[in-house]
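Please go over the structures that come below.
Presented sequentially are two complexes of subunit A, the first with subunit B as partner and the second with subunit C.
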Partner chain A sequence: MMNWVHIAVPPASALLAQLLIGLINGAFYAMLSLGLAVIFGLLNIINFTHGSLYMLGAFCAYLLLNFFGIGYWPSLIIAPIVVGAFGILLERLLIRHVYKLDHLYGLLLTFGIALIIEGLFRQLYGATGKPYDTPDTLSGVRNLGFMFLPIYRAWVIAASTIFCFGTWFVIERTQLGAYLRAATENPALVQAFGINVPRMITLTYGFGVGLAALAGVMAAPIYQVSPLMGSNLIIVVFAVVVIGGMGSILGSIVAGYALGLVEGLTKVFYPEASSTAIFVIMVIVLLVKPSGLFGRGV
Partner chain B sequence: MESPRFRAIRLSILLILALAAPFGFYPIFVMKALCFGLFAAAFNLLIGYGGLLSFGHAAFMGSASYITAYTVKMWGLPPLVGILAGTAVAAAMGTVFGWLAIRRKGIYFAMVTLALSQMVYFFALEAKFTGGEDGIQAVPRGSLFGLVDLNQPLAMYYLVLAIFLIGFGIIYRAIHSPFGEVLKAIRDNEPRAISLGYNTDRYKLLAFILSATLAGLAGATKALVFQFASLTDVTWQMSGDVVLMTLVGGLGTIWGPVAGAFISVTMENYLAQFGSWVTVIQGVIFVVCVLLFRRGVVGEINYLIARRRGNPPLAKAAAGD
Partner chain C sequence: MKLRSLIVAAAAAILLGAAAAPGALADGKTVKIGVLNDMSSLYSNIGGMGSVVAAQMAVKDFGGKVLGKPIEVVYADHQNKPDIGAGIASKWYDEDGVDAIFDLPTSSVAIAVQQVAKDRGKVTIISNGGSSDLTNKFCSPTGVHWTYDTYAMAHVIGDAIVKQGGKSWFFITADYAFGHQLQDDTAAVVTGAGGTVVGSVNVPLNNADFSSFLLQAQQSKAQIIGLANAGGDTINSIKQASEFGIVQGGQRMAGLLVFISDVDSLGLKTAQGLLLSEAYYWDQNDQTRAFAKKFQAAFNGKVPTSGQAGVYSAVMFYLKAMAAAKTEDGAEVVAQMRAMPINDFMTKNGRVREDGRVIRDMYLFQVKTPDESKYPYDYFKQLAVVPGDKAFRPLSESVCPLVKK
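Up next, the complex of A and B:
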């Protein structure tokens, strides 16, 4: 399989184009693994539903456009709120019942919910992707001299960076974030100080889910809107989470972007391996530093 | 504990049922259920007795099924040798994957196994010998030792039953051996097992290899039953299916996974016409099992029997967590 003969020095423009694609993928990995890390921190649950909620975000934008004529920009706000509210409903009705059980039950429960959501959308909309047009204000390409940069892609990278680091800032540098971090360490003690921890948990879940939906809306014009878009992505994001470790918010963001870039580079130098590059890195990290690059404990 | 006599009677009834089954049902249906039963029982060895949730067991079953299909069809190996080849490959993969995965615990372990199996999926999708989307079709069943033609449904059925009994017997022995006891100790309290001087990583790795090997045996046999190996068997959905079978039947019970496999295969048979609703129903069953029915069918029966006798089992062991 290792056919090294194919490797030649690629032209710089191809390299840059693939790096750009890598950075875009990385933006989505970062937003999703960040959401997973925030949820895991407080709920101790690996949210298998995350991929389906990302898909729901994209579908929400698609349906808003096709049934109500509501475009990209309002969708960017409406979809995360709608899907976030749905997430809060899920947490209140189902997920909160497994907090006291072994972590594995949380994984199984959210896996089941993911199957339900995906099955329903596949039944309703089929497995084929649906196109979603790039908003007019962001369509077009800018010539940077050394490469052509589609404006929408630049927007995705910029916006995702802002959202990710905004989240990081709120959690690591504000009063609210301090409560959140304290509740992660010792929920009973924080509750004793008069802070409503269950409500905080619910809102955190809603926020993480909203972030996934936001990623979904942003992904809609780039990838097609399809019921399967989430499950294909979530497994890669799990590998990202294993590599980065979920102990650190910043770690999950950095790991997301970095792995997107690495994947992009693999596409240039050894395209056959691009779909498995992240998994191979995961194996290497497991061998060298089993707790993950930014992780604490096992 | 139940009396040995009661157990002997129950086992003989089950055995007679198994021997007579092809006369009452489609042999291919029962063979499918037996293959999945062995697959689920192998999976249960890890989660039910070792507390390790592998979300990538399809990798072992699917790879073994590819290897068996390929070696039998392309190299003309006899069926049993083909099955051994597939099982051996699954064992080798189990050694490597297990060695990697036991470095992490709990949900990380689940995510690592899922990612590793997805790697196998992409490999199967792109490698030449697997036939990509088409899979390997029209695999000849051949004949047993050149004497018994396996194209006869009954001959094939009894071969599958024999393989199932061997595999299941190995699992049964493993669970009831000192090895199984140590495994349960690790599941319930790993630090304590370590402090008692057990090299827990070695036990976990052994359990992983055994589980992967038997999952491979199930997949290899399945390739001959259906004369076909395909991408379906290496997808994460298949890994999810086996989790569901075990959960429905009862985590950490001996017969649970087999019962779960029969339930699941029967259900699939009737629901096949409903398309994606099958996925939805599977999802609902997952949710219901996790929230309300964590003991599973067999676990629940065991619990009721024990309670009626006035000695309620330890809640923890019965719930399988």
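Up next, the complex of A and C:
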């Protein structure tokens, strides 16, 4: 009991360190929930394959390193392209057939695909996963006074912030983004203006998938490259999307970082509840504001 | 809103997950052995299908028949959930005619299943499950704890580390029966040897990010960070500790339950120098190597973990006892097991004690550096042999009602 009291009142510097760590996890939540929000917003598909595509990104980096000697930096570009292409294939062959049906069909289909991909990799590589070393240029720790911050984690925060807000900018502030948003509102009308809507939707799916793969590559040096890394995360990420407001780009980014912080604090004050905290918040948000924090109405 | 019900539905689908492997109908014409473990999650590499392969090997080596009946091996995934494990176990015992259930990693599930078996006079032989309560508070006349337990781990590793001068400890503990037991057992060793426990943190099972907890451990200034967890949780703790420069900062990590598959996943660069305790390591002598070679041929070239080796050893001994007792009756077979010494590739003069605990020698190993490792899976060097009587809880400390005092 004494120990608990000791931990429950951490010094301010310790709290700062924990917040920073929460932000790192938040960066991953944000990148993944962003991809989900983009796909849901534009395709109306609840993409349960997202977690396994994130896992594929990490494995792609692992395989590139072990079979072709291709390191982290090129993987950061190659893996999203490869996995994104795979996603486009999925969309063309399978997913596009369920757009017009109830959400449930899309969900079941993508969930099934996720189970197959995950099962395949578990069969090939076992559940405990494979090591992936931090790139030399980013290894080491920096002493910030209040904590030792691994340089790689600082990079994760910086890079994910750039990617997330870059995506937000493209969708909300550019011509291309305007087409995309218009196409989701009224595809027939946009098509009438001479824009190839099906192709745009396919590419959007590929982009969302690429974003998941990118997060996967970035996660590889921190977590194990493991077949289960996606399914461990996907439910949390869905909660993040629901809290942020389904389909809201900005909502998913802000909720991602914010929930990372909240989870970080739970780990200090009541660690036993750290895996549940996000879902408690989800329940509260749904009760108070069913469309989510940034949602545009139900 | 429809969306929410969908998310609930999907979550439910994930919880239900894979279904149990179907068993044939109970007909009394076969002897059935069930392997019940984690087939898909964080403990599947220490047991999983490897344990099924080990059980099948033992059945084959025994001759495939006992008491004139063919022996059949069935298996299922308990998903580390006590309710699912207990459900499968009752179905197996009641409807499918399973005689004994083996392996049972995840102590909370092992405790539940051992209770189901006890109520029915059926046998459980636990290999990968760890809590020492299985043969103490929760002991059963038909329950045998085969390979290791938290008490032995705590004593072998805790003792060695305190003797090396590691006096102050901080625990990162998996928040369920096994983790708490492992922490309590180790803390008792540490304080008993004059050390102190400066703090601890309970972490939900199957956690991906340990950095927050490692930071708390770092700030505690404890000399030793004890990892009262297992499998994927231990791997992530050690990997992330190296990322945060914890070892360079002068603190040491003590994995209280580390398997060879964990070391394989970590890589020697990260795992080197770790102390660990096992009941079996493939490269100890000709017999252990011979078993490993046979296992590798049957299981994609992977060396057996001590838990998987334990399943082979346990199935073989169970069948021998059944043949000697000339009955399938659980209580009588276990009584016969208590009367026979255990001698096989991994056990020298072992015995099943009245509380169900198997008394065997435990080994203290250290993980080799990348330079010391000369061939695949050349991971451990043996530092000490701890005799069974020293490693496991003495009967004088037992609260098991089966122990007569």
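Heads up, the rule we're going with is that the second predicted complex is superposed on the first by the 287 of 298 C-alpha atoms of A that agree within 3 Å, B and C clash if a C-alpha of one lies under 4 Å from a C-alpha of the other, contacts with A are read in each partner's own complex, and residues count from 1 in each chain.
Just so we're on the same page, contacts are C-beta pairs under 8 Å (C-beta built on N, C-alpha and C of every residue); 3 or more make two chains touch, one makes a residue touch a chain.
Predicted model, so just to flag it, every value in this text is computed and none were measured.
Visitor: Overlay done on subunit A, so just call it for subunit B and subunit C: clash or fit.
Guide: clash
Visitor: Should A:Val242 be classified as contacting the first partner (subunit B), the second (subunit C), both, or neither?
Guide: A:Val242 contacts both subunit B and subunit C.
Visitor: Please work out whether A:Trp155 is in contact with subunit B alone, subunit C alone, both, or neither, and reply first, second, both or neither.
Guide: After superposing on A, A:Trp155 lies clear of both subunit B and subunit C.
Visitor: Counting only touches as set out at the top, which of subunit B and subunit C does A:Ile46 meet: first, second, both, neither?
Guide: both
Visitor: I'd like to know which partner A:Leu101 touches here: subunit B for first, subunit C for second, both or neither.
Guide: first
Visitor: Check whether A:Tyr179 is in contact with subunit B, with subunit C, with both or with neither, and answer first, second, both or neither.
Guide: neither
Visitor: Could you tell me if A:Leu109 is touching subunit B, subunit C, both of them or neither one (first, second, both, neither)?
Guide: Touch partner of A:Leu109: subunit B, not subunit C.
Visitor: Under the stated touch criterion, name the partner, subunit B or subunit C, that contacts more residues in subunit A.
Guide: Between subunit B and subunit C, C touches the greater number of residues in subunit A.
Visitor: Please work out whether A:Pro290 is in contact with subunit B alone, subunit C alone, both, or neither, and reply first, second, both or neither.
Guide: both
Visitor: After superposition on the shared chain, which partner residues are touched by A:Ser275: those of subunit B (first), subunit C (second), both, or neither?
Guide: Both partners.
Visitor: Which partner does A:Gly264 reach: the first (subunit B), the second (subunit C), both, or neither?
Guide: second
Visitor: Pick the subunit B stretch that clashes with subunit C in the superposition, from 99-107, 189-197, 243-251 or 279-287.
Guide: It is 99-107; the other listed stretches have no clashes.
Visitor: Following superposition on chain A, which residues of subunit A contact subunit B and also contact subunit C?
Guide: Residues 46, 102-104, 107, 111, 122, 231, 235, 238, 242, 272, 275-276, 286, 290, 298 of subunit A touch both subunit B and subunit C.
Visitor: Any idea which subunit C residues touch subunit A in the complex?
Guide: Touch residues, subunit C against subunit A: 1-4, 6-7, 9-11, 13-14, 40-42, 44-45, 48, 175, 197-204, 206-209, 211-213, 215-216, 218-219, 231-232, 235-236, 239-240, 243-245, 248-249, 261-262, 264-267, 269-270, 302.
Visitor: If you look only at subunit A, which of its residues touch subunit C in the complex?
Guide: 3, 6-7, 10, 14, 17-18, 21-22, 24-25, 46, 48, 102-104, 107, 111, 122, 126-131, 133-134, 141, 147-148, 150, 152-153, 222-224, 226, 228-229, 231-233, 235, 238, 242, 246, 264, 267-268, 271-272, 274-276, 286, 290, 298
Visitor: Residue numbers of subunit A touching subunit B in their complex, please.
Guide: Interface residues on subunit A, with respect to subunit B: 1, 46, 94, 97-98, 101-109, 111-120, 122-123, 231, 235-236, 238-239, 241-242, 272, 275-276, 279-280, 282-283, 286-287, 290, 298.
Visitor: Enumerate the contact residues on subunit B facing subunit A in the complex.
Guide: Result: residues 47, 53, 55, 100-101, 103-108, 110-112, 114-116, 118-119, 122-123, 126-127, 236, 240, 243, 247, 275-287, 289-291, 294, 321 of subunit B touch subunit A.
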